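Shared between the two complexes below is subunit A, which pairs with subunit B and subunit C, respectively.
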Partner chain A sequence: MNLTWRLAWRNLWRHSRRTWLTVGAMVFCNVLLIFLISLQLGSYQMMIDNSLAAYTGHVQIQHRGYLEQQRMRQSIPEISALADELRTTLGQGDVAARGMAFALASSRERSFGVLLSGVQASYEPGVSTFPGLIRQGRYLNPGDSEHIVVGAVLAQNLKVGLGDEITFIGSGRDGSFAAGVAVVVGILESGMEEIDRSVAQVPLAWFQQMFSMGEGGHAVVVRLPGLEQVPAALATAWTLVEKSPDLVVHDWDAMQPGLRQAIASDMASGWFMYAVLIILVAFSVLNTQLMSVLERTREFGVMLALGMRPVQLARLIGMETLLMSGLGMALGVALGSVLTWYLSVAGFAYPGMEELGAKFNMPGRMYPEVSLLSLLWGPAVVFLGGLLAAVYPALRLLRLVPVAAMRAA
Partner chain B sequence: MWKSVVAGAVLLCSATAVSQEITADDVIRKAMDNYRGLTSHGQMSMTIHRQDWQREMAMNTWTEGDKRTLVRVTAPAKDAGNGTLSVDGNMWTYSPKVNRVIKVPASMMSQNWMGSDFSNKDVSKDTDIIDQYQHQLVGNYEQDGHHVFVIQSIPHEEAAVVWGKEVLHIRDDWVILEHQFWDQDDTRVKTLRTLEIREMDGRNVATVIRMGKEDATDEWTEVRTTLVDFDIELPENLFTLSNLRNPR
Partner chain C sequence: MAVPLRVIGTLAWRNLWRNHRRTLIMLLAIAIGVWAMIFMSALMRGMTDEMIDNGLHNLPGEVQIHALRYRADPSVVNSMALPSGALAKALQQAPVQAWSARVRVPAVIASERDSRGVTLLGVDPATEALLGAWPEEIVQGRFLQDEHDRGLVIGMKLAQKLQTGLGKRVVLMSQDPGNDVADWGMRVVGIYRARLESTEEQFVYAGRSLVQQKLGIGAQVSEIAVTARDYRGVPLWYPQLASAAGETLEVMPWTELDSFLATYLSVQDGFSLIFMVVVFLVLSFGLVNTLAMAVFERVREIGLMQALGMPPTMIIGQLLLESLYLLLLGLALGNLLALLSIKPLESGIDISSVAQGMEMMGMGSILYPVLSVQDMLMSTAVVIVLGLLASLLPAWRAARLDPVRALNTI
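Coming up: the complex of A and B.
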């Protein structure tokens, strides 16, 4: 260790209490930042997973243009076979085929327009949380044909209960009149009006027959264990559809663009709070370093008189700050990672969150995301902020005149 | 040069003279009466054209007065028997596949009718336009020896109408040549054009009409009238739900 570094290190501990207080502020700030950022990123992960788990899935294969236009004719031929093939090739996650059609749903008393989904009863529960939200009756079974599961609000609007019939009229894939009658076997209640008003699911085979779809459908839905697997699954799906130029693969971001935007806007408001925290810590460093420079004016005067150059003095202050900030960062990151690592394993829940999760068929605990980004981003900015705060005290030294400085109080 | 100015002035005078004789409301009224009559029965075929496919069907239609319309599909065999009944702005549809009559809710009236470019409202051939709109004669021109009125119809404030305005070109024998539908941002959305006019049962009838969206030129629906009789005796129970379900 060369002399100036040793000098800087010793200078720090001439006022150990003051140094510890400043380091303490940095450590506190760092731990808080690591915890909050990890929690924030973790909650985004959860937000994405929960939204996608509801119905959309992480990846979908569709006909080109179906995403924008949702036309009946933009369908995938032999959809169950394609879904089976993708399921085997992927080897992880869940895959299910769906058909979708707009139809007029009518009970004895009322009529409403609905988006009817044809689903594979045996695979749908893997890609969507809806089947787990049945409050009355049951979900569709693989053997069902003229059976339907509807949302609670839709059931209420149509004034139907379990065992009642709903009639559907719409247009088939070939433009012909499509009509069918289905018996309500289950009523789904998610607590979210929008979902409860729109869900209407029938077995895929019956759907295909009613809408003259042949063996076709509109989407192969893939739900993966996590977001990390999305790129690989996308690539796999693309290789499968390579031979049919009409088919495309969409990832969740293409299907739910609002999700990323919501996250970006939440992120922006989060960073504002972090910035305030970081600026407060930077001022505390500025305060400490300015005081330590001012109280050592006479000492610095002597050092200048002995032949030290002002630049070396400024560098000394810089080194002191570097050491102090480095200490704050090292301790902060160490403490912060232990804390978030523990929470990422044990999970973290607000009061009432587990009940809420159970109600919506979602996980009841959230797990902060431990990554290099979440661990180092905050502390790195605090470190830089601290260094920046030392610039002003250091600059003051450049203008120090030896004699005047030695005479200073 | 003077000649043309004078000729222009004369033409202008004659045009205003004609328009003073007859108001926009009268033109619309006469056009509606012309294609509906007191009662009418028609046979028509409908062609739905899309970029990659096309589909045809045949149907029978009956109308009575301003507010009663019955449409029944006769071909293709797969769809035969499907029917739509419209009475006083209410609409019901029947499908033999499920043997049920379904009321079409008001919110679905602007949805397309069986995959065509016509809306449920268009098919009901309702004459709402007469009393729910404010009509104004905005121009006129000569075509094939006929005088043509251009009428702009703007819905009344409280009218439950999705359009911002409709523009009709109506010939002086009361055949509608063109019917434009404009949205509330003043963009034309779709246009119903008359492609062929023939005399049927003593009137000039638009026998081939085509509804096309403005933003997709390769998507249209054409209706070809093969036969129409006006002012005939219709059975009393024709426009009832029980007849919709069990045709006699």
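Coming up: the complex of A and C.
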């Protein structure tokens, strides 16, 4: 440790209370930033995982234009074969084929319009969480044909229970009249009204027959272990559909553009708050360093008279700030990591969050994500902000005239 | 009292400006903090208001009246007669500003190309307009003229999905009270745009009498929507309506009709306060620091004042007053900044780049910040109360100085 560093370190502790207060401001801000950023990143991760796991999946193969228009005739021919092929090529995750059609559902007492999905009973549980939400009866079995699983609200509105029949009327792929009768074998309850009102799933084979779909369907859904595998799976799927120009591959971002934007807008409001905190801490540093420069004017005058150059004095102030900010960062990161790590294991909730979570399809507890990024981003910016704040006090030293400085009160 | 308050006041004010650089920096920090508190609250209040406005526009109304079983089973079977007697009287009195009786049933709409499930609203355009529940913008054609109008008004998004358009015919299917499917053809006479695409897809409007006639329900309606144009005051007046409606009808405020919206409102209100306190905490380190330094520089002087007979409470008072001046100046500046920055933005901030994300939260693509006196007062209260609390420590230390020792420090 050379002399200037030692001088800087000792200068810091000439006013230990002031230094601690400034360091305290930094530590407080750092801990807060680490906590909030981890929480934010953790909740995004959760929001994406949960919304995609529910039904959409990470990647889908569809007919070109189906995503926007959802027309019956925009279908994929030989869909089960394509799904099988993708499943073997991919080697990981789950793949299932689906067909979707709008139909008028009538029970003995009530009629409602529903969006009917034809699903592969053996593969659907791998790509969607819905099959796991059955509250009465069972999910579809591979051997089922004229059977249906409906959401609890829909069942209530239609006034049907297990074993009751529902009649469907709609139009087939070729515009022909389509009709069928299915028996309710399972009732699904997610607790989210929108889902419980809309789910109606029948076996794909029966669906294809009723709506004159042939061997066709509307979407091949892929669910992967994590978001990291999406680009690779996307590429694999594209090579499979290369030979059929009518088909396209969408990733989750294309299918649920709202998700990324909701995150972006939430992030923007988060950053506004962080920026304010960081600016306020920088002001605190500015004030401290300016004070410490002003009160040492005489001392600096003497040092100048003894032959020190103004640049060296400015560097001294820079070093003091560096040490102080470094201390704030070290303590902040240490405390923040411990706190966030604890919460990432124990979870964290605030009142009212469960209802909000239900709307955004998030669990009632949040688990902050601990990563190098979430731990270091905030403190690093605070550190830089602190250094930047010392520029003005340091620049003042460059204009110091020895004789006048020594005479200053 | 040995020293008049005016002297203390003058002392505190002059002391504040002895080191004007330090004071100015602190002043700026407080002002920025206060500005951020108010600005953030204004943005959040704008978001919340927008969400609730949208929510209430879609409900619509702040209070709704239904037949007892309608909410569990939104079928045409669970209809009710138009209000009469006590209820009709209650609906004409303040604070009720407007009400509208509507038929609201699930239906299927089919064009020659495609079909979709929708909510069919049979409305009386005149009362709907008073209620403020008209679609925001008719982009093609016209809205319904009266309750006997034979036309249909649908949303833009729905028109696209059905591949239909103005002047084209569509078929509507819904259930009649006898559990048979009633279907009839209608011509699209208007296409509307709403703030949310999901609204455009869900609601189609037709004349009330026409729908009643097609469904064969006489003059019965499904719901009565009531507004007093003040969503926060609903708990005060809806009970009167409930007692007037009697036991065969269900009267519900929006907080129960849409519990998510109600929760969101309370969470947001709480969050504003938390944000203010957090900003203040960061600010308080600087405040305590500044004051502690001020005391430190003046140890001798404080010792002298004590030696001359100034009681410790006066010293505390003097320092607190100094802090109060600083806080008040900062608050004034911060509030002014907030006023100047929010006023020009009140016409709306375009956030359409994240429109679909906002739609997930039930918001449109333009954000209107709302500067409210309540937020300004709340931030002022937070800053003054917590600021004086934070200043107590250095002030108390100053008052406990031993005069002899203080006089002897350099």
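One rule holds in what follows: the second predicted complex is superposed on the first by the 331 of 409 C-alpha atoms of A that agree within 3 Å, B and C clash if a C-alpha of one lies under 4 Å from a C-alpha of the other, contacts with A are read in each partner's own complex, and residues count from 1 in each chain.
Everything below uses one rule, namely that contacts are C-beta pairs under 8 Å (C-beta built on N, C-alpha and C of every residue); 3 or more make two chains touch, one makes a residue touch a chain.
Predicted, not measured: the structure shown is a model, and the values here were computed from it.
Colleague: Is subunit A touched at more residues by subunit B or by subunit C?
Modeller: In the superposed model, C touches more residues of subunit A.
Colleague: Just checking: does A:Leu104 make contact with subunit B only, subunit C only, both, or neither of them? Give me first, second, both or neither.
Modeller: both
Colleague: Scan A:Gly113 for contacts with subunit B and subunit C and give back first, second, both or neither.
Modeller: both
Colleague: May I ask you to decide whether A:Ala179 touches subunit B, subunit C, both, or neither, giving the answer as first, second, both or neither?
Modeller: first
Colleague: Would you sort A:Ser171 into first (subunit B), second (subunit C), both or neither based on which partner it touches?
Modeller: After superposing on A, A:Ser171 lies in contact with both subunit B and subunit C.
Colleague: With the two structures laid over each other on chain A, which partner does A:Gly24 touch: subunit B (first), subunit C (second), both, or neither?
Modeller: Only subunit C; A:Gly24 stays clear of subunit B.
Colleague: Output check: A:Ile61 vs subunit B and subunit C. Expected answer is one of first, second, both, neither. What do you get?
Modeller: The answer is neither, since A:Ile61 touches no partner chain.
Colleague: Quick check on the superposed pair: does A:Gln70 touch subunit B, subunit C, both, or neither? Answer first, second, both or neither.
Modeller: A:Gln70: touches subunit C, not subunit B.
Colleague: Can you list the residues of subunit A that touch subunit B in one structure and subunit C in the other?
Modeller: Residues 72, 104, 106, 110-113, 171, which sit in both footprints.
Colleague: Within the complex, which stretch of subunit B touches subunit A?
Modeller: Where subunit B meets subunit A, its residues are 48, 50, 52-53, 55, 73, 76, 78-79, 82, 93, 95, 97-98, 100, 102-105, 107-108, 111, 114-115.
Colleague: Of all residues in subunit C, which touch subunit A in the complex?
Modeller: 19, 21-22, 25-26, 28-29, 32-33, 36, 40, 43-44, 72-75, 106-108, 113-118, 160-161, 173-175, 179, 181, 259-260, 263-264, 266-267, 270, 275, 278-279, 281-283, 285-286, 288-290, 292-293, 296-297, 351, 353-361
Colleague: For the complex, which residues does subunit A have touching subunit B?
Modeller: It comes out as residues 72-73, 104, 106, 110-113, 167-169, 171, 174-177, 179-181.
Colleague: Per the contact definition, I'd like the list of subunit A residues that touch subunit C in the complex.
Modeller: 15, 17-18, 21-22, 24-25, 28-29, 32, 69-72, 102, 104, 106, 108-115, 156-157, 159, 170-171, 257-266, 268-269, 272-273, 276-277, 279-281, 283-284, 286-288, 290-291, 294-295, 350-353, 355-356, 358-360
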